[in-house]
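Lettered A, B, C, D and E in written order, each chain numbered from 1.
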Amino acid sequence: MNAIERSIQSAKPLWGVLGLLAVWWLVWKIKVADPVLLPSPQATMFSLWSGMTDGSLWHDFVATVRLTTVSFLLAAVIAIPLGIFLGSSVPLYRSVEFIIDFFRSTPASALFPLFLVLFGTGDLSKILVTAFGAGLVILFNVAYGVMNARQTRLLAAKVMGANKLQTLRDVMFWESLPQTFIGLRNGISLALVIVIVAEMFIGSTEGLGHRLVEAQMLFRMPEMYAAIFAAGALGYGLNWSSVMIEKRIVHWGGK
Amino acid sequence: MALKLAKPEPPMAPPPEDSRGRNPELEERLRWFPPNTHITIRGLDKAFGDTTIYEGFDLNIPRGKITSVFGPNGCGKSTLINMISGLIPYDGGEILFDGKSLSETHISYVFQNYREALFPWMRAIDNIHYPLKLMGVPAAERKRRVDALIESFDVPIDFNAYPYQLSGGQMQTICIMRALVVDPEVLFLDEPFSALDYEMTLLMRDRLQKIFQERGTTMMMVSHNLEDAVWLADHILLLTRKPTRIADMVAFEADRPRTATTVSDPEFVRVQKHCLEIFLKEASVR
Amino acid sequence: ADLVRVGSFPVASSLPYYVAKDRGYFAEQGIETEEVRLMGGPALLSALISGQIDAAANLVTLEGMNGNLLRAGVATYIAINGQNTEYPMEQYVAHGRLGIETLEELVNVDKRPLRVMSAPGPANMAVARAGLSAVGLTEGQDYILNELAMNLHVEAMLAGTFDLGMTLEPNATVMLGRGNLVAIESGIIANRVIQREGAQAWAAGAALNQAFIDANPDVARRFALAWSKAVDDIANDPGARESLKGNTFTPDDIAATVPLPKFTMIKDLDDQDLADFQTFLDWGTELGLMRQNVAASTFLKDLEN
Amino acid sequence: MNAIERSIQSAKPLWGVLGLLAVWWLVWKIKVADPVLLPSPQATMFSLWSGMTDGSLWHDFVATVRLTTVSFLLAAVIAIPLGIFLGSSVPLYRSVEFIIDFFRSTPASALFPLFLVLFGTGDLSKILVTAFGAGLVILFNVAYGVMNARQTRLLAAKVMGANKLQTLRDVMFWESLPQTFIGLRNGISLALVIVIVAEMFIGSTEGLGHRLVEAQMLFRMPEMYAAIFAAGALGYGLNWSSVMIEKRIVHWGGK
Amino acid sequence: MALKLAKPEPPMAPPPEDSRGRNPELEERLRWFPPNTHITIRGLDKAFGDTTIYEGFDLNIPRGKITSVFGPNGCGKSTLINMISGLIPYDGGEILFDGKSLSETHISYVFQNYREALFPWMRAIDNIHYPLKLMGVPAAERKRRVDALIESFDVPIDFNAYPYQLSGGQMQTICIMRALVVDPEVLFLDEPFSALDYEMTLLMRDRLQKIFQERGTTMMMVSHNLEDAVWLADHILLLTRKPTRIADMVAFEADRPRTATTVSDPEFVRVQKHCLEIFLKEASVR
């Protein structure tokens, strides 16, 4: 593979961006929706650019990144070990499955009142409700990764005299790693979603969610779509980091 | 169903004698463990769904000997050593270790499924290190032992490769080395040479014998190659088709170290022929 | 300075808070406020009950009284906002294709059932229904009522998804400025529920927690004074509207013109106002929006003296 | 395993329910939160019971089940084949990954305006926005399941002369099935979440989301928590059905 | 890099002769495909990272013959047949099929990794059916062929079991049967008997020979068992350690059908001995 091929390879994501913009442009062009309601990609990109350069969008962007990262890390640090532990015993997992599936299926926005009451109206509430939501998804994926682990590997560790903890750490963790990364990517997107929704519906003075709701209320459509675009691109970026890390770690996938 | 621990405690102090000069504890012990028995299997039952594999199966595995297991495909050889080593549950009966319980005994196991038994996230060398790590051997000592093992084997394998970068035979070699590095008390080998080339098989056979002679490890090896099975063994356990019974337990007592010429030894030829006859008689379905 | 934690919902109805803050009236009274943004009544009420805020800049009275029924005094109003045709807040907007100018003309429209949008929540829905049943329409048969989150109103009406919408300010002003939409009627509660010429619907207001008042009576008094000064400014000084910008969901271009409710301190209410307020609350109780009757004046406090 | 053991086994989920109620009761009992804001589990269960028996909650429950099921099925039917197809070629997937990660990371509530403008406020909008959100998650999981498939199996099919379509259908589909079920369970919970959020914020006259928001507005806390509980339990039930189906189909997991 | 198609077209009509009575097309063809060559490998290069496995490797695989491949672990036997059968790409050189291109040729492959090559979601019987299904054979005909195959093998396996319910040897048997059921033009076998018991190995050897005699299938088999390798083969390809070269291509021309007594045939003994000598000379690192 020469340099040109390689740069085409690595330009893959660009096709996605272009595809999205192209469809958008088309929808806008043939006026499927009133242009007042669905602005053109150009106008949106312009708003995105000016928002980023005048610092207002950038400020909200950074605020959202900060909350999302903190919540996600908190979620991952708790959910990965817990998921391995719970997944290591099917009966154990079954007995807590109700709670996991229960809260996975409850909208974060329905849980806001509870978290507000318990943890106040500050960032703490937002971080905790986000970590809770994302953590459950990570936990669920990790636990299933462990439950679907290849038996022979577990038996090999067992017969070498690995105790429960060592098996968890040295085998189940690694065996479930491809699935864990899928869970992390589910979790990172969900974390972003919950943070934005929290910024939208729990009062907030900054963040993409706040910007989104404000733009919507003020009926600044390009600004609203710019905020959505920023959120989506941020989501892609976070996922991409995760893929990069996964590539370095999980070299044995499918082998 | 979990594995039972060893039932009769090993007599640490001389056992008490009763009034009539008899020693009931020793008698009980001898009932379970005839002299030199390491593992005793009594009345073992195992079925998969409707298929009975073992029913009331009894076996003594001698201590400090090599027992080869020879039997037709699907008769339950892997199942048997899996049950003994506590990897799969059994439906009834007892498997007892003399002296220590299974969990106290240091066992090693070379899996028939050598591909999946290695950890693909570790390099070959780290796979070999791993059981020592589990035992808490310090890094320096670990390195010394692994290096010594690698040197004594002297095989042309890139130990820094990941398992999935190795050929089948190389993977199997790593599996064997991983099992040997810990210096186990009991070693189970399930068709350990199946992917090895001619020369490597001879080498491995020889290494196993050397370790056996140095350390007196109890070994139990499944093999479909009668030459390998007899060459290494003190006893050859011949199994029938399922429901599995013992067709014969043949002794082969040639002196050690056995060499390349052992295979032309008349006793070797006799034992091999005898085993083959029994195998063909008992294993055949036609 | 004494700290007061104020829950704010960033809408025009919270304007006195922003004016008092921006013009330094709180500081004048030796009060420092901490603004806690909360989106909507339930969140404000929760925060009041759990003691996370001391005051709500703008709390719907039906919701506040509901809270008072659970825990007496959590929403003690120091000022309430009147709304009617003169001070429009809730209003009907129709799509131009219906070709109507008043609510009464709806009976002549052929299209059945009409698709009608309402501001969210049982109270708003009830208001919307009150207006339509007053002109003789039957729900389900003549119209289908959908509630919709406030942030979706402009889009939905402009997209022509609905024939008729019961929306609130500033959405009404925003949407009327942009599309083929017609203002039909404002002051629906006053006109269709209270049904008295010139009546005000006292639908929202500023509230303090009674526990806070009891613990810091003087702080509460000074808070009310600052508030009162801001209310005066809004009534008399168009410049006070500057505080809408940036603080509330009011587009800058309509900040100067957007209708505001009649902010009124408790001391300025007369008996008629109280009677109207009672009528409104009773209506709420009747519809199950409040769990039981409450006397209007119980939770209104004039703290200025 | 005798009958008693088996019934204890199958009673596992009950432990989850009891655990949840116990923690709740405790939190309520030691008054972590004002009891007006967090009602007791008894009061909530009573409200749940009466809501179910007088039919009002039941009606909303059924409405939500209906929307969720329709949306989920629509999502699955589209996302599974598409996910297998996209996952079968890593470069292909990389080039659409932006779009997938973009929308996975955008809150459904931010997309409501767009769907509203395009498809109105009826059930259609809700179904489509839900199917879109859930479908992306399913797609993502299925595609990764295919990408992590065991190479030997694909090679075996290839050497037997399977063409692209046959490989997709006969090997990749099955190889990714354990992962697909994880995706379906992620998707089913997400579908429920989006339906409820849509019922909360897009115009609605029924459904658990509508009930939830109404109870919240009227500050009827037991009723609100009863609606949340009903949603969570529904989520568990939907997940449970999926586990049951998976158990019947994916018998080879980890082997 | 995709596999090349067959370069010189097979002469369907008698090729045209040029003025001087020469036939350049035929000459070109013969340069690539000496008579009776099925697969031609020229200048093949293959490396994994820094490790060169093949460099400028040339080989002719004869048509309608059995070629056994014998070589040390890790020399690249699996890699070679994987490249020929188009499963992994190669870095340079050409692999050409005479007559048809690879994609037009019906090949079957018995993987060294027999465990993962089976589809665990299908019962054993359906695994055997599957390649026929791919070929579009109608259900009834398929059933007839599979039933006939099963009957002719007569092995005590539960064909309704799922692969993971089978023993190692049983899985491998299913793999072989799956490869044979399609009646391929070229059959690759990578250590197909490694997990089979003594009797089963003899049976499979025999079956392969029978199919070979009936259908003239070109076969290429990797085996570490020299007896199996020689017994079945027309040619034994001996490979060196990597970078891999051909150490020797030994012919074994005993009449077919070969039987159990063939192994005592002096020619057999000679060939086997010769191969072993070369192997030990070329493969040894010590």
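Definition applied: contacts are C-beta pairs under 8 Å (C-beta built on N, C-alpha and C of every residue); 3 or more make two chains touch, one makes a residue touch a chain.
In this text, all values refer to a predicted model and were calculated from it rather than measured experimentally.
Chemist: From chain B, what is the lowest number of touch steps before chain C is reached?
Modeler: Counted as steps through touching chains, the separation is 2.
Chemist: Taking mean CA positions as centres, which chain lies farthest from chain E?
Modeler: So the farthest one, by centre of C-alpha atoms, is C.
Chemist: Return the distance between the CA-based centres of chain A and chain C, expressed in whole Å.
Modeler: Roughly 37 Å, centre to centre.
Chemist: Just curious, how far off is chain E from chain D if you go by their C-alpha centres, in Å?
Modeler: 49
Chemist: Taking each chain's centre as the mean of its CA atoms, how far is chain A from chain D in angstrom?
Modeler: 16
Chemist: Which residues belonging to chain E are in contact with no fewer than two other chains?
Modeler: Residues 113, 116.
Chemist: Where in chain D do residues touch at least two different other chains?
Modeler: 33-34, 37, 113, 117, 150, 200, 216, 255
Chemist: Using the touch rule from the top of the page, what residues of chain C touch 2 or more other chains?
Modeler: 42, 46, 50, 151-152, 155, 159
Chemist: Give every touching pair of chains, nothing left out.
Modeler: In this structure, the chains touch in these pairs: A-B, A-C, A-D, B-E, C-D, D-E.
Chemist: What residues on chain D touch chain C, complex-wise?
Modeler: 33-34, 36-37, 112-113, 116-117, 120-121, 200-205, 210, 213-214, 216-219
Chemist: Can you check the complex and tell me which residues of chain C touch chain A?
Modeler: 8-10, 36-39, 42-43, 46-47, 50, 52-53, 150-152, 154-155, 158-159, 171, 174-175, 178-179, 249-251
Chemist: Which of the residues in chain D end up touching chain A in this complex?
Modeler: Residues of chain D touching chain A: 9, 12-17, 19-20, 32-34, 37-38, 91, 94-99, 101-111, 113-114, 117-118, 137, 140-141, 144, 147-151, 178-179, 182, 185-186, 188-189, 192-193, 196-197, 200, 209, 212, 216, 224, 227-228, 231-236, 238-240, 253-255.
Chemist: Quick one: which bits of chain B touch chain A in the complex? Just the residue numbers, please.
Modeler: 82, 85-87, 106-109, 111, 113, 116-121, 130-131, 134-135, 162-164, 182
Chemist: What part of chain B is in contact with chain E in the complex they form?
Modeler: 48, 51, 71-74, 77-78, 112-113, 115-116, 154, 156-158, 165-170, 173, 191, 194-201, 224-226, 241, 276, 279-280, 283-286
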